[in-house]
Amino acid sequence: MLEVESLRAGYGKIEIVSGVTLKVDNREIVAVVGPNGSGKSTLLKAVFGICRIFSGSVLFKGEDITRKPPHKRSRMGMAYLPQTGNVFESLTVWENLLLAGYDLGKDEMEERLESIASFLPELKELLHRKVKTLSGGERQIVALSMSLLRNPSLVMLDEPTAALAPRLVKQALKRVVELRDELGVAVVLVEQNALSALEVSDKALLMVSGAARFWGKPSELLEDRELAKTYLGL
Amino acid sequence: MVATSEVLAFFISLGTLYSIYVILSTSMELVYGELGLPDFAKAAFFAIGAFAVGALTTRLGAVLSGIAWEGEFKLRSYYYATLVSAKVAANPLLGLTLFLVPLAIAVPLAMLLGVIASYPALRLREDYLAITLIAFSEIVRVIARNYEPLVGGTFGAGVVDVFAWLRSPLRELSVMILSAAFAAGAWLLEYRLSTSPFGRLLRAIRDDEVAAAAYGKDVARARAWAMAIGSGMAAAAGVIYAFYMGSVNPDDFTVSRTFLVVLMVTVGGRGNPKGPLLGAAVYLAFDRTVLFAKRLLPAPFDVNYLSYIVLGALLVLFVMRRPGGLAPERPPLTVNREEVENIIKHSKT
Amino acid sequence: MLDVLTGALIYSNLLALLAVGLSLALLTCRVSNFAQGDIAMVGVYTAYTFSVVAGVTPYASIPVAFVAGGLVSLLAYLVVFEPLRGRADLVTLMVVSMALDMVIRYSLHVYADLMQQWLKVYTRLFMFNDFLVEVAGAHVPGVLIVSTVSTFALLLSLYMLLYKTKLGAAMRAAIENPNLAQTLGIDVKHVFSVSWFLAGALAATAGVFLPFRVMVNPDTGWSMLLSMFAAVTVGGIGSIGGSVAGAYLIGFSETVFSYQLAGLGVSTAYRPLLTFAAIICTLLMSPRGLSGLWSGKGWWPRRRC
């Protein structure tokens, strides 16, 4: 599904991600964990195409997309959910969804909405409210719906639990698992809540100062006392 | 064959104008290049200097030489300017006085107004600060244009020739030397400021005001000082300009004038003391070339228009392709290499 | 007095269309577009040329002016402002727009000279011939009716576009958060192109009405800039609806103020002083402007965005 090879990326002249390699298969949850400032968010941005790639390659569904603009990657089936700025505050929820389904026909749109609404039942009540009146958790639901509307094969989530009240964190992560199981989507999950993320994921990438310090099974990462303690505070 | 006197006149004029533009662009460099404050009222400060000369030289000259003034200012200022100039021809001290008084009034006034103009910068986003300053600049011009007793409104005001006691071409040469002296002084001042801790403070404020404040720097005070110095310089340039032109007209001090100064600084290079020198040179070269072309090429339209079109396009090109200008900003060097080597040598023992 | 109000309404209609364009430029590319007034003049000269060549009244040339203004504005966006978007700071953008103003304005001067020679008409300080309409016994200038109806129609259409269509939602979304819009597959450049075309088209249309009322020059647009900025500022920076409200407020205030000045024997050249005062006061005392009233956020935004 997604193959990232020796990726070096950053902003302007500054390199943040220094040579990261990872692979995401169909129906897989990959957790990206690590200390603050280790380049996790930048990695996602680079994969999606909104920051500068210095060298390395990104392959999506077998195609080299390293130079493709973001809206084309989006149309190929890649969804990216940033931590903030993931919804349009001055618009209503319905308008947000309308935009998310910008190139969908009317029938397709209704169909997708139905299936998303069954996955996220809270959505129905929020439809005509202006987004700026919603709480953090509600916005999360809207943002997620917007990504799912485009029927992605890969969803990249940047710290989805960051703005959530603690009791909603478990719920959010449960949803991530449902994404994989019910909707058949592959997920790349960047998380500060390392333990929770590692508990639900199939593979784990530990990033420290821009480089990959561990790539493999989450259980192995948790068992490695050194790494777990030093970098994840576990 | 062009007469030597014509060639000499051309160069003297070139030298004088270049000096005036250097003062203006240097003052803009200090405030816009180093501090990052878009001083779009520059034409107004320039005007203050010129208006002081226009309003005062004839009146003061008449009073000092015992000439009684009759009639409206706007209609008679040129006449009295000629009369007073004749007096100056016999009395250089009168000329000196008539030069120093407007200068002594205009520069402090401009400095004060500059300080006042620096305060909106605390509250306004940069582009709206610029619009406010433009508005202020236009207010000054509109008032001067309509309040006739000031500089004769649209008629303009005559200026006394303070070098009347010299013969041509020594007269024009003196104006040039005077303006060159001011230009050198202004530039040196800016250069010293730029390489001093004050300069670093200005650049720090430009690059990140919040950080500068967090380090305990008095941002408002630094801004006020920079604006005071910059505006004072512009006023001095205005004084010289008025004497060079021999008359003052409010419509000479429009926003276009400010734009030209911004052009000079942008093309020359912001944040680099050489910038204003280069920028003024580029503009002047261009301006004089157009003046020549006007005589040589008969066009179905006014060639002056072309110069503005080209200048506008030039600025856009520079911003898009070479935003650093001809002389981009260099990282600050506080200690020179030998001293650094000495320090390293001595610390090893 | 009726004449004063007529003048005020016509002037305000103009300002409204111009201010909307200014707002769009500000919202999409964060640029205070000093060339906006000149685009109005592009409309004037296009309409003038077309009406002379085709032998029709300038009112019939409005569609041509609409397209011409739109294209010039679009060109400015594609060549200058889009490449600089996100790369240049606010003041630099403003300086660039001033440079653009120079280019457009003086090109118009050149064109005016050429047009005068080729078409043998006066191209400076000219006016269009208007028709009179009888309304309730009074004779009303045609431009009052046409400009008011057009302005209303255009603003309504813009509103419908922005709030009732998908493209409009995309425009508002791209304005709020261009990165997110891109993420969702919206071609931001395409959407902004439409905004800039409209901004120019509206300005050019507004321009066509001007010579029916006053004598115009290539510089007339530039001289209206302060009023346009006042309208946007007083109305609330970042609010299109605010700009419209601000335009009518400034338009009427300026005209009435001018009338009072004349009554007091003071030169009407001091009229800009009111406009300057309005801008300075709003910015220093209640920066959110009128839109602060209805958005409920109050007068004071944070200074650093």
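Going in written order, the chains are labelled A, B and C, and every chain counts its residues from 1.
One rule holds in what follows: a residue touches a chain if its C-beta (ideal position, glycine included) is under 8 Å from a C-beta of that chain, and two chains touch if they have at least 3 such contacts.
Everything quoted here is computed from the prediction, not taken from an experiment.
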Chain nearest the overall Cα centroid: C
Centroid comparison with chain B (C-alpha atoms), farthest chain: A
Centroid spacing, where centroids are CA-atom means, of chain B and chain C in whole angstrom: 33
Mean-CA-position distance for chain B and chain A (Å): 56
Separation of chain A from chain C, taking each centre as the mean of its C-alpha atoms, in whole Å: 43
Complex contact set, residues of chain A against chain C: 48, 50, 69-71, 74-75, 80, 82, 85-91, 95-96, 98-100, 102-103, 146, 150
Residues on chain C engaged by chain A in the complex (per definition of touch): 166, 169-170, 172-173, 176-177, 179-187
Partner chain B, residues of chain C touching it in the complex: 32, 80, 83-84, 88-96, 98-103, 105-107, 109-110, 113-114, 117, 226, 229, 233, 237, 267, 269-270, 272-273, 275-276, 279-280, 283-284, 287, 303-305
Touch list for chain B against partner chain C, complex: 36, 38, 120, 123-128, 130-132, 134-136, 138-139, 142, 145-146, 210, 256, 259, 262-263, 266, 300-302, 305-306, 308-309, 311-313, 315-316, 319-320, 323
